[in-house]
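Submitted below is the structure of interest, expressed as structure tokens.
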Amino acid sequence: MSENLNALEKAQVLIEALPYIQRFNRKIIVVKYGGSAMVDEKLKKQVIQDVTLLKLVGFKPIIVHGGGKEISKWVAKAGMEPEFINGLRKTDAPTMEIAEMVLNRVNKSLVSMVQELGVQAVGISGKDGGLLKVEKKLSDGQDIGYVGEVKEVNPKILYDLLEKDFLPIICPIGLDDNYDTYNINADDAACAIARAVSAEKLAFLTNIEGVYKDPEDPSTLISELTVSDARKLITDGYIGGGMLPKLNNCIDAIENGVSRVHILDGRIAHCLLLEIFTNRGIGTAILGDEEHHFYNE
Amino acid sequence: MSENLNALEKAQVLIEALPYIQRFNRKIIVVKYGGSAMVDEKLKKQVIQDVTLLKLVGFKPIIVHGGGKEISKWVAKAGMEPEFINGLRKTDAPTMEIAEMVLNRVNKSLVSMVQELGVQAVGISGKDGGLLKVEKKLSDGQDIGYVGEVKEVNPKILYDLLEKDFLPIICPIGLDDNYDTYNINADDAACAIARAVSAEKLAFLTNIEGVYKDPEDPSTLISELTVSDARKLITDGYIGGGMLPKLNNCIDAIENGVSRVHILDGRIAHCLLLEIFTNRGIGTAILGDEEHHFYNE
Amino acid sequence: MSENLNALEKAQVLIEALPYIQRFNRKIIVVKYGGSAMVDEKLKKQVIQDVTLLKLVGFKPIIVHGGGKEISKWVAKAGMEPEFINGLRKTDAPTMEIAEMVLNRVNKSLVSMVQELGVQAVGISGKDGGLLKVEKKLSDGQDIGYVGEVKEVNPKILYDLLEKDFLPIICPIGLDDNYDTYNINADDAACAIARAVSAEKLAFLTNIEGVYKDPEDPSTLISELTVSDARKLITDGYIGGGMLPKLNNCIDAIENGVSRVHILDGRIAHCLLLEIFTNRGIGTAILGDEEHHFYNE
Amino acid sequence: MSENLNALEKAQVLIEALPYIQRFNRKIIVVKYGGSAMVDEKLKKQVIQDVTLLKLVGFKPIIVHGGGKEISKWVAKAGMEPEFINGLRKTDAPTMEIAEMVLNRVNKSLVSMVQELGVQAVGISGKDGGLLKVEKKLSDGQDIGYVGEVKEVNPKILYDLLEKDFLPIICPIGLDDNYDTYNINADDAACAIARAVSAEKLAFLTNIEGVYKDPEDPSTLISELTVSDARKLITDGYIGGGMLPKLNNCIDAIENGVSRVHILDGRIAHCLLLEIFTNRGIGTAILGDEEHHFYNE
Amino acid sequence: MSENLNALEKAQVLIEALPYIQRFNRKIIVVKYGGSAMVDEKLKKQVIQDVTLLKLVGFKPIIVHGGGKEISKWVAKAGMEPEFINGLRKTDAPTMEIAEMVLNRVNKSLVSMVQELGVQAVGISGKDGGLLKVEKKLSDGQDIGYVGEVKEVNPKILYDLLEKDFLPIICPIGLDDNYDTYNINADDAACAIARAVSAEKLAFLTNIEGVYKDPEDPSTLISELTVSDARKLITDGYIGGGMLPKLNNCIDAIENGVSRVHILDGRIAHCLLLEIFTNRGIGTAILGDEEHHFYNE
Amino acid sequence: MSENLNALEKAQVLIEALPYIQRFNRKIIVVKYGGSAMVDEKLKKQVIQDVTLLKLVGFKPIIVHGGGKEISKWVAKAGMEPEFINGLRKTDAPTMEIAEMVLNRVNKSLVSMVQELGVQAVGISGKDGGLLKVEKKLSDGQDIGYVGEVKEVNPKILYDLLEKDFLPIICPIGLDDNYDTYNINADDAACAIARAVSAEKLAFLTNIEGVYKDPEDPSTLISELTVSDARKLITDGYIGGGMLPKLNNCIDAIENGVSRVHILDGRIAHCLLLEIFTNRGIGTAILGDEEHHFYNE
């Protein structure tokens, strides 16, 4: 593709990246990686290339990933019947066992991909170094099994790995006070980690283009939202479905030290790079009320 | 049990540990953990207690573990038919996938156990930080799938984790030059790692009491072997079965910078602690010809 | 003695030490060493073994010692007549000269004993690095010579020695603003040092079993006292003799950042180890009112 | 220009830079900056952008610059008559005074430009920190004034500045043993510095396209030369004029620890970036005989 | 001169320096160097010797210098006509160009002199590392060209150079927000820098003996002034001419963290050394109201 | 005395010290302190002032001292009869006990004096940190008790104390392999320590002016001796008495990494300062054959 470009055009692109490289130099960027971008092999490779490039030019990316559709596949393979409570899958002990196996394998396959690009990666779960402490999450007061809510983040292991120049890749599993294993929603885990390390950016790779005022009307895509705007949209009933918890996560992150959160369309090739290195970002950015001006001046 | 001891006896035991604590202070001890000690829950807990204690009193233990019988169990669950070549199980891609899932889950369950005892652990595979580079291992010239032989160890990640005071727990999976995933024999992996970090000790937890001159006759258990002795035993045909590769691994380790290798009976409670902290070790120790006197003076 | 124990019992004792090793890892423990434990050669060796073990398993012990009966012995040898004021020995210049000689020799003999056990020790007085600044202490308004009260502690030298992995051994001599040499009560010096470094523990090795409600009745030994309890005992007149200043020292230490103070019976073999490593401590522990629950949960 | 590119093309260019960013990560690159690239304001800005980008993506660039035509201009302004010996301008004391003023001003103007791009720069001469020790250079045995030859490089100041994350910008002035000030040929200074720090690359920005076999015939531009090739070209009489000393400098650098030297056409926009970040370099590269294969595999 | 002294007298002088060496050990001392001391070659050498000695005995001196009469000389040489506004020389672009050339050359000549005495120096301007940010200074509301007022000091480069054991020598040039070059009054620059690093001392080398109550009457030289005293002198109209801004600078420095400011007579040989190392200082010292006693006890 | 000097003369003396301060900056200087300089209170103070000054101006002095006449005094006080073997005092256990007490008290009194001058000192013996390992020294094959010969120096404690900016003061007592306490000749201890740390200088403060060719004729004082010269003087029989072992110590030091040894007359006020800071040293200097020129150029 880029072979059509002449040399000068290439140089120009690199030079245009300069101010962005400066702005985020040594800053922590948490990437929640999931959705289509985890299923399509080509997109997968592009996401990993993007994150690796961020690492090499001096940022400090951290990946938090889910298990994609692999968990369901293996639950079925093991001949287990899914049980639902309030429409949510119950994570009993055998399901948790499979989930942990699958998530860790996904985790290590991402490690391989980063290593292949010449960057040192370490795959960990929330168990390692006591990273994620959880408590049982109830659904409308009902026990849905080993589903945890992050209660505490101990980021020492992340700072240690970053100091030693590794790219940390995290699967969202944690321990409760009895050292039992729990699954955590990957969005929640990414948000809790971004807060704990005061990340400069938290980017969610999703299967939608961003936040719409009217999901039916593509022209209502919002490219930038302050926390106040986001709150108003929710209050006014514009946000529903899976976007509601995600947007609440974004607000929570911004209010707890993260500078900017992005909801990106993971189906777009190199969406992460485009967001960070080009003048006009893609997807929807959520930012603090007071940050609004800084980024727009 | 120990509640029968009076206070002074207890103090005495601690004081007797003094010279051993000094001798191994800040030394690396690689423990190959496998066999019965991985199946029996009580033994499992004792092994983890032992290693954690070693960490706390100033040693630098590293655990390398296998998958026990879990891999076979899950291969069966997935409804797969094992295929054998020269009597060895062929590790095709789907089998490797299951092996990786199982090994990583075992890995993280060991991490939980260590964390529960108050020590920071990190579970990694040979993929993380490029720890283990492998090449395909043939069996009598035949391809048996994704079974790897360690070609190169890059111990940076281990030194980094030890420096940051973590206990590294390693599952024996590595990458080849094409970044494909391979299973590695856990004994071989432990041996390669012990060599790479010039471990003070390498301890194999096994299901036998040690090396016998005559396996039929328990009275012929050998408590200490120099490399020369071990070679002679092999040449003279006394060693067979699974002990042959293990003993070759021991010889290889000693000749490449490891000070002492132990073949311990993992079925004995706290065998690791007993070996290290008491005057009369258990199992069989293999040591360099010249080290013989130092340890026996 | 411990040779009567079987291997498993020994391992059990070590394992039981685990939680204590964790709790005090890298914590500073000041040991006031004196009384019978300094006279009896066997007890002396045991105390030194205990402290050395604490050092080796990761604690940071500091010894503060007195001169035992050696000072009186040498005063007599030098043909000097002791002079008393209000029943207290007057420390004139020649007496101070002898005291300094004796205390420093005791100091270096403790250094030898620790070195012999393979741990690096440095013997210092309060003069070295300006550790202890004193002012003259009067007895009921009367000058009793070169007896000093600690006015200021400059702990830099202790942090430097601990950082370089030495075990500091301190004799209680200090300098006043004119750089004259003064003797300091060893209990007071230990207490002042424990405060200055916010020690986790301060342990007094004494010639009694602990604090009694009724010293005549051994059954009234108190195993744990909060600061409030201790104050009440004093107010109610239960505490007298040499225990009064000691208990005041304990209260002072607790109120100034030391977590727990122990009055131990130095005549019991390995009393220090028993206190720290067994479930039921010995002697009397003094602790803050709010700490009470933490240690007892 | 690059606004014509679509987003994906831009991302592609960044991704293509990945392997180069890895290869030169934390490597020192010495850039001899001079010629047209110092006169044309647009080219000047592009060179500075290039070097700043190299710094930001993790390389360690060092700039060595000359004075362009500024020195002659100021000599004329000051009403001084140039004196020539063997066709070389004699650098008497007043000329040296002007040269030093001009070079230092050029130096600080480059510092401003780098600072403006958000990178910390420090402008030094060979006097600072004793960086360049010189001795008088004779021209055919004749004294041509304060023209120095580098005798010794003390790179401590460079390592200190790089460690503190500054971009060092050096003007080629040095001190002799009497601490008199001397002018140094900028090519020679760059070469001596590249040797002293074992630079990964040394790049000369020149006014020609590279080395030609026949300078009259543009089609004879040589894109890669081993040291042996270069020697042969010289011996065979193909190299003359200003290229001869330059090529000798290149050979000297390669033989003294520099991995690769580039003769680039400074008149091409972003020539430095193109050379480093694209598959087909520009200009002529000189490399060791044995390096030939590594770079071409 | 000193050869007339006998050995013991020499030793005595060194011993007398002891308390001063202690008092200022590792303290930062900013020396504003200008006036006659920059013109007379012998005085120049003595100032440099003094500062170098301060460095060698453990102080951390920083030199800030002006351009003496060199700037005017070169402006004339270049055939430029000085233009005056309100009696102040207008610094247009060509004048600024010359000023920058001259100041940087003076800067590097001071570097040579320090290097010759065996101490590592680095000559920088306010451009390097973004040390001095300025804004245009108006004179009675009129634009007088590139004359800047210090708006912000970024002392990182100074701390870095001091940490690496260099003596920083600074010429008073800075950049405004558009990265244009401005000249700064050297007194102002020295004062701003001393404030930014909380210097222990700020010493101005001037052409007068100090502050007089009556400049006509040498007997009214004031050897010590508190800030209150200084303010009162100004209010009462005793201070006029060039001393007024200088004294305001002194007050400003003291009120912003500098412990003591000295106005010294740079025409006295070794005035700096005499001020620092002898019991009776020379010139006028300005100090905080509360510091008054400390220095006089 | 020096109050007779005018200010400029004082400054001159300080400036003259510059080259010496540079030459010995951060160099280790071992001072063997003994003889009259330890008895006369005024000389004592001057020696301590000298060493403290050396410390403050950036050298790294280490003091090794003897016990002067204090040991004999206390042996007599204790009513003990000295026993002689081959004319040497036998150091039985009670004598060693007194020697250790006295030496440590002298040690700490030197610490006080240095502390009073504002420099941090630590007084240690060869026991601390295992500094001096000894073996029994026989006199003509006869056991003369606890007199030790240095067998091994472990300088870690010295490097640690110097790094933490303390001035180490050492009394010459060591431990043998059985951890028994031995007295060491202070000259021997100083020599062994200077060798172990590759001191720049080793200075012996003695009661004589230096080495004479003819001790009867003061005009034959030798101010500089190469090792070869010294050997020849010994062979030719010019050296006798206490000077013989001292000169052998000097030769030994020079041949083992010490750059220069001085035999100084401790009875001269500030002899140490005069030797180091003035052009014409005092006493006798012993240096390597090849160093001869360096120091004399």
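The first chain written gets the first letter, and so on, giving A, B, C, D, E and F; residue counts start at 1 in each chain.
By our rule, a contact is a pair of C-beta atoms (placed from the backbone, for glycine too) under 8 Å apart; a residue touches a chain by one contact, two chains touch by 3 or more.
Here the structure is a predicted model, which is why all the values come from computation and not from measurement.
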item	value
Fewest hops from chain C to chain D - one hop per pair of touching chains	3
Chain at maximum distance from chain A, centres defined as averaged CA atoms	F
Averaged-CA centre spacing for the pair chain F and chain D, given as whole angstrom	55
Distance between the centres, which are taken as Cα means, of chain E and chain D, whole angstrom	37
Chain contact graph, described as a line, ring, star, complete graph or other shape	ring
Going round from chain A, first to chain D: chain order	A, D, E, F, C, B
Residues of chain E that touch chain F when the two form their complex	1-2, 4-5, 7-19, 21-22, 25, 46, 49-50, 52-53, 56-58, 117-119, 269-270, 273-274, 277-278, 282
Residues on chain D engaged by chain E in the complex (per definition of touch)	74, 77-79, 97, 100-102, 104-105, 107-109, 111-113, 115-116, 120-125, 127-130, 156-157, 160-161, 164, 166, 173, 175, 179, 181
